[in-house]
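Consider the two complexes below, in which chain A is the common component and chain B and chain C are the respective partners.
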Partner chain A sequence: MSELQAQLREWRDAAERLVPPWWGKALAGLLVAVGVILPFLTGSSSGFLNGTIVAVAYAVMALGLNVVVGMAGLLDLGYVAFYAFGAYCVGWFGSGFFFGVRVHVGVSPLTSTLAGIHLNFVLILLAAVVVCAVAGMIIGLPTLRLRGDYIAIVTLAFGEIIGVLAVNGQSIGVGGGMTLTAGNLGISAVDSPWFPGSGSFGLLDLRPWYWLVFGILLIVLFVNLRVRDSRLGRAWIALREDEVAAVSMGIPLVKTKLMAYAIGAAFGGMAGAFFGAYFTEVNAGQFAFGFSIFIVAMVVVGGIGSIWGALAGGLLLGYINNYLIPDVLNNLPSAFGLSFQLSSVSFGIFGFLLVLVMTVRPQGLFPERRRSLELTGEIAAQDGELGSEPVGPA
Partner chain B sequence: MSADAAVPAAPATLDAPLPPPILLAQGITKRFGGLIAVNDVTFDIPARSIVSLIGPNGAGKTTFFNMLTGLIRPTEGRISLDGRNITRSRPDVITARGVARTFQNIRLFGAMTATENVMIGHHSRMKAGVFGAIVRPPWVMKEERAAVQRARELLAYVGLRRADFDRLAIHLPYGDQRRVEIARALASEPRLLLLDEPTAGMNPQESATLAAFMRQIRDDLQLTILLIEHDMKVVMGVSERVTVLNYGSTLAEGTPADVRANPAVIEAYLGKEG
Partner chain C sequence: MLAARPAAAVLAALRRYGGRWGLIVALAALPVYYGVTDLVNGYQAAVVAGHPVIHHDLSRLGFNFAEGLSDGAIWALIAIGYTLVYGIIELINFAHGDVFMIGSFTAVGIWSVLGLSLTTSALGVIGGLAVSLVIAMLTTGSLNVLIERVAYKPLRNAPKLAPLITAIGFSFILQNVGLLWRGGSQQSVTDLIGAQKVVFTIGGVPILRGYIVAWAVMVPLVLALSWFISRTRPGRAMRATAQDPEAARLMGINVNNTVSLTFLIGGALAGAAGLIYAVYETQVWYFQGFQAGLFAFTAAVMGGIGNVRGAVLGGLIIGVIQSLSDERIGPQWTEAIVFAYLIAIMVLRPTGLLGEETREAG
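The block that comes next holds the complex of A and B.
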């Protein structure tokens, strides 16, 4: 087994020597190009394109959660809260929900005649980033003194609180007969994104939606990569590795952790705002605890802490959940004479996949480079715990 | 030991002008519930000196260290650095003021390379924030390059082989981990360096080398060193002053020779005769 691994490593190193240094950039450019032209290869309202759009938005969420869970090592089980905040930004600032006021900024001439707050989608996206960053820090505050599993419990509780707040918000008045949320009835007739020249996005042609979410993904990916290789990203890893040593070396605990919560939440808010607009409805029922776990599963399957892993995990589970199961394989059980649809057991499938990944490849599909180095260090014989005293003569 | 003569003697008489203490701890007490870990310790460290804190296991040495670096707060007492009160300051603020430390059981960041570990030490001297990280203006790139450069210089200074600069800390041999930890502490540009049992797990030869290195650091970088150490040869050879803690209280204080001759110290270490 180890011989095989050594052989594989040798081949990989040889392959690395073969490729020119600009290979990474060329590959990235190629992938972006494929991403841009993808909608032309499929129907403009195909199930595949719909699945892709949702999967890309999932990947944005996975990338956001990866900042908190992967890079900073803070297990957040209430991430769905930021989906909710982002989506409600669309409900609040892009619909007739607050019917008592009339605010219009950068919206189509038709929308300008409607009551309520109507902002351009870019402004809503910015609002979602700000609201979620602040909410992320507020949720992060009580976890600062906690470690490990205790953080998970507190964030889980916060996710639930936000979910309940979304449901009960229909009874919370904000004046003028208006309420905070519409609970399970949902805020519907949400504005479609509109840009000068593009017109309002419709549901017959999904391509503009796709390019919008693809653009969001590229921004989030760029920010992720830049932050990872920075003073802040290093500080996160140091905190994750050893909190006591990190603060003793001059890393401000509160500021650094809150920054992770804020950035992670902001990305979740962007995806949430996109979902709010894409589903044309903001319903409290969308923000269930199970979704938090689903996003954690994306990060874990991809490889905790790895940006490319979070991207792959989000896309993979997104495609399986929104294309493969409902569109392609849904009637598979009936082919075996079984009378149920595959989508009714989707969580069983995810559970199986998770167990499979944990058994076969526990570090995830695309593990963080430093984690795989940790596992396959070239001098494994000498590896000990940090600070363990040498066994033999030094 | 001949090393005693080589080191300038600690100011023994009051008429010689005392260098101002860089650190002053007055009446420090730490209680954990009913347990008194450190009891009314008053202690000062003259600038540019090497001072040792010794005592049997459980005497409260590391607790005292943790209070100096802000990891825990004293129940009573006051700690000042260069005359400024740091008793209730956060650890990162104290580091920024110029105090750095190493740990008794090495606490490197295992999944980071040696260079990255040292760059973490430099964190408090860097400025780039989240927007700097995303936009990467030229000054951020310059700062980052300078930090890498500085980290590599420090690793070379503590004697790490160049080939090991980019290896993960967890893959380095024990002795090299100690070196990286010292480099990481030095990267924060301290004026006061706290070393918690730096020779633990070293053989006598390595310990002697490290003792010489401590003096070299002090002279090269013009800093002050506070040392917790069990190896008496190192303590007596390198320190200008020694403070002995026992059961959380100061048992004795003075030059190495004084302390070595003190009957109370001998009793604490060897037990009472008869």
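The block that comes next holds the complex of A and C.
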């Protein structure tokens, strides 16, 4: 087995020597170009394009959660809270929900005549980033001294509390007969994004939506890559690997952890705001615990801590959930004489994927190098060798 | 980031001076507040001929407690499973709540196999319940052992998040098994014992049959468990493994078997809780395990995780909080209130009411 691995590694290194140094940038440019022209290859309102849009938004979420779970090592099981905050930013600042006030900034002439708060989608995105970053820090605060699975439970509890607030918000007044949320009735008729020159996005032509979410993805990906290689990113990894050692080396624990929560939450908020606008409704029923686990599954399947893994995991599970299961394979059980639809057990499928990945390939599909060494025990093996006889050429 | 440092200082101060008493005060706040308002302002006990009857006594609070302590019996049995497993391998067995759900479903399934119905004689119902209790406990116990073998044992030496993630995975798998088994909506089951019938009344507080069944199952099981853990050889092996697995192994204890035994016991207790739930609530649902699991986990943390007595105490307290909140604030807020308590415990005293310092929480 190890001989085979060594052989594979040799071939990989040989292949790496063959490609020119500008290959990485060329590949990135190529991928972006493919991403931009992708919607022209399919119908403007096809199920595939719809699945792609949702999958890309999920990938944004996975990239955000990867900052918290992967890089900083804080297992956040309440990530749905930021989906909720982001979506409610659309409901609050981009619809007629707060009918008692009239605020209009940078919206289409038609929308400017309506009651309520109507901000341009870019401003809503910024609002979602700010709201979620603050909420992320508040949620992170009680977990600062906790480690491991206790963090998971506290964040889960916060996520559930936010969910309960979203459902019951229709009985919390904010003055003038207006309520905090619309609960399970949902805030409907939220504004479609509008930009000068583009007009309002419609649901018949999905291409503008795709480019919008693709742009968000590129921004989030860029920030992710830059942060990973920055001082902050290295501090996260140090904290994840050994908190005591990291703190004694002078890494500010509180600031570093809170930054992880804030940045991860901000990305989740951007995706949440996009979902709010795309689904044209903000309904408390969307913010269930299962959603948090769905995003965790993306990060785990892709490879915990790996940016490309989170991107791939998000796209993969997004496609599976929104295209493959409902559109392609939904009637598979009935082909075997079973009387249920595959979409009703989608969470069971994701649960199975989680167990499978964790037991068979714990480092995920596209592992981060450091994490994969750790998980496959190579580091431990090397440590063991260091402790015993010196290893060297005989 | 300026706010971060004072915030951490406030947190540390809260923990130092808050501690156990802070937690006790926080827990006493709800019953004391409602007791005082009942005595001072009174409450509407009934409507007679269109006129509300106002009482000024504590029997409404007593009713909350009676109901809460019986709900709490269910949470206590589930919480023991969390606390045993956490004590021995430091894993939050996330699938535990869903094992409880499977226990409920198994019990209800056995009832229909045995043909229990409203017309069955009292002796037949008691015998049938005893049989279904044993079968449900065996089923959930073996299921829990199976989960441990498949999903946790291969990851014993992996980073700590790995088994937690597989636990979540199994939780969803079991939920979908339940979904396919009995459908996606709340299902009524036969009210075999007449759970809402009043047996007797103490000080104006009606004691229902459901309460008595809950206690009649919970108390002997907890007593048997504490005898088992403190007096028998396998129980001693469990305690030794919880304290130091490596040293226990060196002393000749088969750690793998001990861990499996722990999962067997925890799962069996969850099965018993599942039976009580089905008898008492007279409805089952594939999603019941999610909330139950979180409530029971909160109970385990509240009592001090790793501590069986603490888990029972925590379960009963959570039951009372739940029933107070259900009846006085509104059931739609109960979940949020219990979780707010969970967060408060984590901030004030992560070691819980009776717990020792643990590495994770310290």
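Methods note: the second predicted complex is superposed on the first by the 371 of 394 C-alpha atoms of A that agree within 3 Å, B and C clash if a C-alpha of one lies under 4 Å from a C-alpha of the other, contacts with A are read in each partner's own complex, and residues count from 1 in each chain.
Here, a contact is a pair of C-beta atoms (placed from the backbone, for glycine too) under 8 Å apart; a residue touches a chain by one contact, two chains touch by 3 or more.
Everything quoted here is computed from the prediction, not taken from an experiment.
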Discussion item. Just to be sure I read the superposition right, which of the two partners does A:102 touch: chain B = first, chain C = second, or both, or neither?
Written reply: neither
Discussion item. Applying the document's definition of touch, where does A:249 land relative to chain B and chain C: first, second, both, or neither?
Written reply: first
Discussion item. Per the contact definition in the header, classify A:241: touching chain B only (first), chain C only (second), both, or neither.
Written reply: first
Worksheet item: After lining up the shared chain so the two structures overlap, which partner does A:207 touch, if you call chain B first and chain C second: first, second, both or neither?
Response: neither
Discussion item. Tell me the contact category for A:160 with respect to chain B and chain C: first, second, both or neither.
Written reply: second
Discussion item. In the overlaid three-chain picture, which partner chain does A:258 touch, first (chain B) or second (chain C), both, or neither?
Written reply: second
Discussion item. In the overlaid three-chain picture, which partner chain does A:149 touch, first (chain B) or second (chain C), both, or neither?
Written reply: second
Worksheet item: What is the contact status of A:223 with respect to chain B (first) and chain C (second): first, second, both, or neither?
Response: first
Response to the item:
Dual-contact residues of chain A (chain B, chain C) 259, 374
Worksheet entry | Residue numbers on chain A that touch chain C, as the complex places them | 69, 73, 75, 77, 141-150, 152-154, 156-158, 160-161, 164-165, 167-168, 254-255, 258-259, 289-290, 293, 296-297, 300, 304, 340, 344-345, 347-348, 350-355, 358-359, 362, 374-375
Item to complete: Within their complex, state which residues of chain C touch chain A.
Response: 1, 4-5, 7-8, 11, 15, 91-92, 150-151, 154-155, 158-166, 168-173, 175-177, 179-180, 184, 290, 294, 297-298, 301, 332-333, 335-336, 339-340, 342-343, 346-347, 350, 359-361
Worksheet item: What part of chain B is in contact with chain A in the complex they form?
Response: 69, 71, 90-92, 95-96, 100-101, 103, 105-112, 116, 119-121, 123-124, 126, 128-130, 132-134, 136, 140, 144, 147, 168-171, 173-175, 177, 184-185, 188, 200-203, 206
Worksheet item: In the complex formed with chain B, which residues of chain A make contact?
Response: 222-223, 226-227, 230-235, 237-238, 241-242, 244-253, 259, 263, 370-371, 373-374, 377-379, 382-384, 386-390, 393-394
